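Letters A, B, C and D name the chains as they come in the text, with residue numbers starting at 1 for each one.
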Amino acid sequence: ADLTIGFSQIGSESGWRAAETTVTKQEAEKRGINLKFADAQQKQENQIKAIRSFVAQGVDAILLAPVVATGWDNVLEEARDAEIPVILLDRTVDAPDDLYMTAVTSDLVHEGRVAGQWLVDETAGAKCDIVELQGTTGSSPAIDRKTGFEEAIAGHDNLTIVRSQTGDFTRSQGKVVMESFLKAVGGENICALYAHNDDMAVGAIQAIKEAGLKPGEDIKIVSIDSVPDIHLAMANGEANATIELTPNMAGPALDALEAYLADGTTPPKWIQTESKLYTLNDDNMAIYEMKKDLGY
Amino acid sequence: MASAIGPVLECKGISKFFPGAIALDAVDLTLYPGEVHALLGENGAGKSTLIKCLTGAYRRDAGTIVLENREISPNSTQESQKLGIGTVYQEVNLLPNLSVAENLFLGRQPMKRGLISQRKMHAMASDLLAEFGLVINPAEPLSSYSVAVQQVIAIARAVELSGKVLILDEPTASLDRDEVELVFSVIEKLKARGLAIVFITHFLDQVFEISDRATILRNGRVIGTRRLAETTQTEIITLMLGRQLEARVQDRAPAETGDILVELRNYGRRGVIEPFDLTVRKGEVVGLAGLLGSGRTETANLIFGAIQADQGEALLEGGKISLKNPREAVAHRFALCPEDRKNDGIVGDLSVRENIILALQARQGWFRPLPKAKVNELAEAYVKALDIRLASLDMPIRLLSGGNQQKVLLARWLATNPAFLILDEPTRGIDVGAHAEIIALIERLREDGLALLVASSEMEELVAYSTRVIVLRDRRQMRELKGEEITTANIVSAIADEPMAGAVR
Amino acid sequence: MIRSTHLPLLITIATFLLAYTLCGWQYPAMLSTRVLANLLTDNAFLGIAAVGMTFVILSGGIDLSIGSVIAFTGVFLAVILRDTSIHPLLAFALILLITISFGAAMGAMIHYLEMPPFIVTLAGMFLARGAAYVLSTDSVPITHEFYDTLQSLYWKAPGGGRFRLTGLIMLLTFAAGIIAAHRTRFGQNVYALGGGLQTARLMGVPLAKTTIGIYATSGGLAGLAGIVFSLYTSAGYSLATVGVELDAIAAVVIGGTLLTGGTGFVAGTFFGILIMGLIQTFIVFDGTLSSWWTKIVIGGLLFGFILLQKGLTWATTLRRKPAPEFAAQS
Amino acid sequence: MMNHVNSTLRRIAPQLVILAGVLLLNFLVFPDFFRIEFQHGRLFGNLIDVLNRGAPTALLCIGMTLVIATRGIDLSVGAVMAIAGAVAAALVVDGHSWQVALLGALCAGALCGAWNGVLVAVLRIQPIVATLVLMVAGRGIAQLVTEGTILTFVNPGLVHLGSGTVVGIPTPILIWLGLGLIVTAVVRKTALGMLIEAIGINESSSRLAGINSRVLIISVYLISGFCAALAGVIVAADIKGADANNAGLWLELDAILAVVIGGNSLLGGRFSIIASLLGALIIQSVNSVILLSGMPPEFNLVIKALIIIAILVIQSPTVKHALYILRASADPLPPGSIKEAKESPQ
């Protein structure tokens, strides 16, 4: 019989999120799975409601992209009691690991570390003042990507973060905050920008250009996600590096699920996706072309 | 009589200043138990302000208040209520969203086991209102009753609250004879119980009927206190106005003088007013008489388009017109001075000037503003013509005294130069001097060829200026009185639906 | 006794029953006890907060701070239970004290400084959320065993539905709210305030006491909602419950309370909450809507319910007695 | 004439003082705050940023002031911004000229406004709820247009609206200043302002006086939608992309706040657009303090809340009244109360 799977998605707050939704729908279609999609509008309570409704409907499995790590025990227990396997996408949860089948995620701290390491290598000991555009205050990518980055640059005295402010993961805030950095610190004193996502970096690039500086040269830019527009900017030499967060979490997840349903193979608890670093050495134009129709 | 006993309430040297106006200037007022004390004065004399200072609704700027030999200084109406002073303020101050019973007992609800006992409250409300001749369902929201009924309810509430003093600020303004009698009988009872009652009104015959003494205010000063048994209406009026009011002899104008201006055929709305026919000619004043709730206000609103008719047709000078909303009516040069001036008349925060030109400007359209000079000219002319008392044309209208607000509304509509003027209770809250002026004004407008439709509860007034009177009952036109038939007695009997004395139909 | 004033309430109930029947007809699984239990459990915190909001709106005010207060409560509880060893019950008492005082302070500002509630509570909203950030930007799990005990209190109905403690707390809050609104002097004063501030003042309603009481109630109930939310998620998170105030306002209004104040019912809010919950459940059962269609459909259904309510009210008043158009309270 | 200027000045004096205060605060945390240079063909400096970044809020609060004057409120402006930005982006991506895109976006905004107006004026739905519908659904509509992605464009004409300059001054500044002046002039040189105020103060009286309240109410919401659309286009043009999910998010609250800081009553009636615009600048200056201070972002909201509370307290009628009494007590004339019936007990 046809599989029916519920997918509780956080929302569509960023291009990356939209791409993840698109890819998930594509993967489900490819496998002939009936996907029930529930958008939680960025609210955990809506996700909990959605999972409860999935259970009430008796779906065969649930994909969950949790908005936050905590607070899932109760509802996951209900799913377990109803014998519905749950697979976590792109973030894991603070619950006993018998409450879900597996988690397909990247390592957010690792992403930050890769970005930091890139900058360490790039500057090669030269003094460099960094400004940081944080994600939405309190969101786990913002916290983890900051942590990872700081870990990577710790011990390199030439690297210091001189300003750090939130840009809410959006282009326009990225631009506004970068403008204020440029004024407060002075554009010529900034050597590198670390943005918690590409969208903010794209906004910041514009601010840098409007201030009469050359992004990518005067100010080095490293960010995370690898959305098409940052590759375009890299192709133009306006950004330097990005770390990919693949939107295809559902592929591995559904593979694991199908294997489990076919012969009961239990997957590992954590399926880590690759955090690939792209730099100016890659063919960014080609990556842009490849990615631009994924719904970013 | 009362002077042997000490006063219940004594105010000494009460003053209240407003920017641009001294509302009260060292006013003294003494109330003895068991007396009805009338507070008289022109519009804007300071009567309402005195009451508000006395009951803590305003903070007074100077003066002392002594209640039963104890100095008091109420900071809120709540406090004065606790001290046994019950008040009905000038505009009905009840809450339209609460039920009648809840309004009556707000703050003093009967409790049972820590909770309000609705049943007991409704029973108490019914009993209380029955004393005032009102048999209504106390569970219904107040807003479902007319202004007059609300007025009675407000009085009933104040009576319940007043242990020592009852203050009534123009309580009878929208009541007809029967209700007034009922209110007076209650006042008599309270008087016998030893309460002191302050009674503010512009109806001097009512003053003489019920009051023992009167204090007269003018421009915020006490002009004098008189024992009513020892004075005359003329003296009181002279004290109030500072001049004598020349008596006017009226000779009734002949009915049906001019051409027909407005004609309504089978006009009505289901559930609001029975279909009726009505013609109003240029140069005549058609009076609408009837008891409270008889449908006068509804008739006026219907003709003005404030309520939409669902049957019948309207003609203006023989041509069919539509009156779907007030705007259309205004475009046909209709004008309506509404009964409920606080809610349907004034635009409180706009200046007096703007209130006067509002209707004219609305008719002109927003893109053709009246030139400043014209605005000033109009405003000043009407302030003068209607003797509106104010500190400045720029003050918000809500700061004016009730009677002066009424005059501004009249000015608003006169400024539109209407052909057909509908007045709903035009003299409500108007002082004797202005009252005479307004009656004269109606006469003058009629002579100028305007068609007027006037609804009023004051029969003498209707008799004075109407060329024709239509009597309503139960939202239905009962009878039409013409020429010599127009007498108070005939109106009363028409209302009672008895055969008319005198004239034959 | 059915009175004309009860009409909006009856209409809301009728709307809910009609909608629920239609949903059940489309997806029979929606009639299961699971869905019923979920409606109560999942909306418990929103319902509790909406009771407070009902009082505020009945008085003619508005409280935009409740979403932030809920989040703050969660973070506060999580942090205090993590960093100290006090018992959760004590922590509950403490946070209720804080949120009640917070509400009372807003009420005092509204009354004494004569500032509009919209703005005072907007500032309150920023402040509470900001305070939550300052406490912790991380999401902090709560692991106290007392929480596990509370969470394990549920009645498993036939059909798999779990009626949890939090749902019961919501029902009790509503019951208390209904009694307070109609059978206490405080409740009557709230309605009086909504009918007209100046008039209420002249009628001797203690304005200061009532206004402060109203916002303290709303703050306290937001605190209780925060406790329930922390039970619901076993965590405190400063980004939680963003925009819940708007959901609460929508529920109150769908429940038939007029935003201008003075008319409405606490019980109506209960059905407003259920209707909102129903909309969401229906969308999840459908499962085919994209992110954006979800928003459009929620907005559309919200509009549909308001329209339905308007229509029913209009139809019934038309039959009863036509109020003159201009006399309608504007 | 002189008189008129005088009374306007008196009306906006508190806002001017507060603005000066907040700018001073900026100066204290960042001494170079007032420096303005001419760089790369444009004015460059923090003060310019405040004017430039304040553009969306300023534009929104023009329409919002009128809506609030009629005793309404428009929660949908943020969503309308998203819609307008999405429409403009979609049109230029489709190959239309920037003029067509701008026109399309403005029409979309006006349409949204008209929809709100009809709900409020004709269906008589309460403003908060009526506009809540579009606030919820609008972002969905915008995403429908962009299909959930950030729709980027390069059309120089459109981009110019957001980040271009005219004689060195950033275009958004000119747009909001221009629109503000035009609307103020239209409202004050005709009778529109007075009629709107009349409706806000007492709709029933106004209608009985023959004012076409329905049409006027619809038009103020329409204007609000129009202003929001302009703001949306600017925001999209600024980042060369329409971000349906985040454009104008929660900006409605800032706009309402600006109107209130501008000293306009949320209960409708008397209004001043100029004061609201100053309110918008005050809010932007507060944001600027936060950005320049270099405090960690978790303190942003607390700082903003505290500054706003301080501003509101200073502006509150009670405090103003107390100040008035204080000043008046120096006068020989007896101090009167400025308001009837509103004096605080004790």
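Here, contacts are C-beta pairs under 8 Å (C-beta built on N, C-alpha and C of every residue); 3 or more make two chains touch, one makes a residue touch a chain.
In UniProt terms, the chains line up like this: B = Simple sugar transport system ATP-binding protein; C, D = Monosaccharide ABC transporter membrane protein (CUT2 family).
Since this is a predicted model, take the numbers as computed values, not measurements.
The minimum number of touch steps separating chain B from chain C is 1.
Counting C-beta pairs in contact across C-D and across B-D gives the higher total for C-D. Per-chain CA centroids place chain A at a distance of 71 Å from chain B. Chain geometry summary: the mean Cα position of chain C and that of chain D are 29 Å apart. Centre-to-centre separation between chain B and chain D, using Cα means, comes to 43 Å. In this assembly, the C-alpha centroid of chain A lies 34 Å from the C-alpha centroid of chain C.
Residue positions of chain C with contacts to 2 or more other chains are 133, 137, 198, 201, 290-292, 294-295, 326-327.
Within chain A, the positions touching two or more other chains are listed as 11-12, 18, 21, 137-138. Contact with two or more other chains is made by residues 57, 76, 306, 326, 343-344 of chain B.
Contact annotation for chain pairs lists A-C, A-D, B-C, B-D, C-D, with touch applied as defined.
Residues 71, 73, 123-126, 128-130, 132-144, 148, 202-204, 207-208, 244, 253, 256-257, 260, 265-267, 298-306, 308-309, 312-313, 316-319, 341-342, 344-345 of chain D touch chain C in their complex. Against chain D, the residues of chain C that register as touching in their complex are 62, 109, 112-116, 118-120, 122-124, 126-127, 129-131, 133-134, 137, 198, 201, 208, 246, 249-250, 253, 258-260, 290-300, 302-303, 306-307, 310, 326-328, 330.
Put simply, chain D touches chain A in their complex at residues 30, 32, 39-40, 42, 44-46, 49, 53, 143, 147-150, 152, 163, 235, 238-241, 243, 245-247, 288, 291-292, 294, 296-298, 300. Listing the residues of chain C that touch chain B in their complex gives 1, 3-5, 179, 182-185, 188-189, 191-192, 194-196, 198-206, 262-263, 321-322, 324-327, 329.
On the chain A side of its complex with chain D, the touching residues are 11-15, 18, 21-22, 134, 137-138, 163-166, 168-173, 175-177, 179-180, 183-184, 199, 202-203, 206, 210-212, 229, 295-296.
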